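Per-chain numbering from 1; labels A, B, C and D assigned in written order.
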Amino acid sequence: MDKRKKTTTKARALHRLKIIKGHLESIEKMVEQNKYCIDIVHQSRAVQKALQKLDLLIINDHLNHCVVRQIKNGQEQKSTSELLKLFEYR
Amino acid sequence: MDKRKKTTTKARALHRLKIIKGHLESIEKMVEQNKYCIDIVHQSRAVQKALQKLDLLIINDHLNHCVVRQIKNGQEQKSTSELLKLFEYR
Amino acid sequence: MDKRKKTTTKARALHRLKIIKGHLESIEKMVEQNKYCIDIVHQSRAVQKALQKLDLLIINDHLNHCVVRQIKNGQEQKSTSELLKLFEYR
Amino acid sequence: MDKRKKTTTKARALHRLKIIKGHLESIEKMVEQNKYCIDIVHQSRAVQKALQKLDLLIINDHLNHCVVRQIKNGQEQKSTSELLKLFEYR
């Protein structure tokens, strides 16, 4: 990740990942305790949403730093093909 | 859309939209003829996938032309915030 | 679709499909008039959301009528495997 | 989860959750080591896909056991409204 914004985004990303890991562990407990399937699936989807928000945090950082720098430095081919892959695969 | 690639991408986009419209009309007929719900939903999802492919065609064109030009011309704020919105809303 | 609820759900589905077709035609015009890529993609995604809402209307009808009847009549294998496919493919 | 299939599905779900947790920890390390944003996002999406597969495993179990039993026991209202929510929220 870009060095200018690294500290903030990195710290926020790590904080979110820690919360997500705790959430995942609570899903493990739900499965172990034979909790109701529907409730487990809703918790799993909440984790997926949290990961999507993490992605946006990282993508925002990427757009504002890496992409701008890459395109200004003539690496537009690399930059745009990487972004297209992010749009394709989701 | 960008003028350099306009003809090709525009022609391809219009061709796809025509096919999608035909597909949508066949779903209308399925509903009118009381076809099986499950089959209707699968057809509706096929249209959604076709629209997603259309989006990728247009986004590819946008990345390679508009975004590169905007960032080289100092409009990076506009360019990156528009891309972030595309990632956010899907 | 089920006969008991057919009229209402069918009428609502056809009404929505008509609106969606109009929306699609306005996207065609946007492409023809070389409108800004980002705006076209947002409109395409609005159509996709409208189709997802149509799906939910039809799935709701299917669950409350077809699925309940199928399972009570011993067709649970057919019923559950069709639902699983809807969850898998999206 | 249903008692008939509990052992197998439960064991498989716990096994997958363990793998997903390991995957998440490797993403944490990538962030700590300032790895390239694009690579981090691709790994995060792989975790999301793995969670979606876990959901399908649990939903399959739910459909074949809970839903069939609920509908045969006259709890169709509860059963179908829970399924609709799963389709709505994703």
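One rule holds in what follows: a residue touches a chain if its C-beta (ideal position, glycine included) is under 8 Å from a C-beta of that chain, and two chains touch if they have at least 3 such contacts.
Treat the numbers as computed from the prediction; the structure is a model and nothing was measured.
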Of A-B and B-C, pair with higher C-beta contact tally: B-C
Chain B-chain D separation of Cα centroids, rounded to whole Å: 30
Whole-Å gap between the CA centroids of chain B and chain C: 18
Centre distance in Å when chain A and chain B are each reduced to the mean of their C-alpha atoms: 24
For chain C, residues that touch 2 or more chains besides their own: 55, 59, 86, 90
Contact graph of the chains (line, ring, star, complete, other): ring
Those chain pairs that satisfy the touch definition: A-B, A-D, B-C, C-D
Footprint of chain B on chain C - complex, ascending: 1-2, 6, 10, 13-14, 17-18, 20-21, 24-25, 27-28, 31-32, 34-38, 40-42, 44-45, 47-48, 51-52, 54-55, 58-59, 61-62, 66, 82, 85-86, 89-90
Chain A residues within the chain B interface of the complex: 55-56, 59-60, 63-64, 67-68, 71-72, 76, 80, 83-84, 86-88, 90
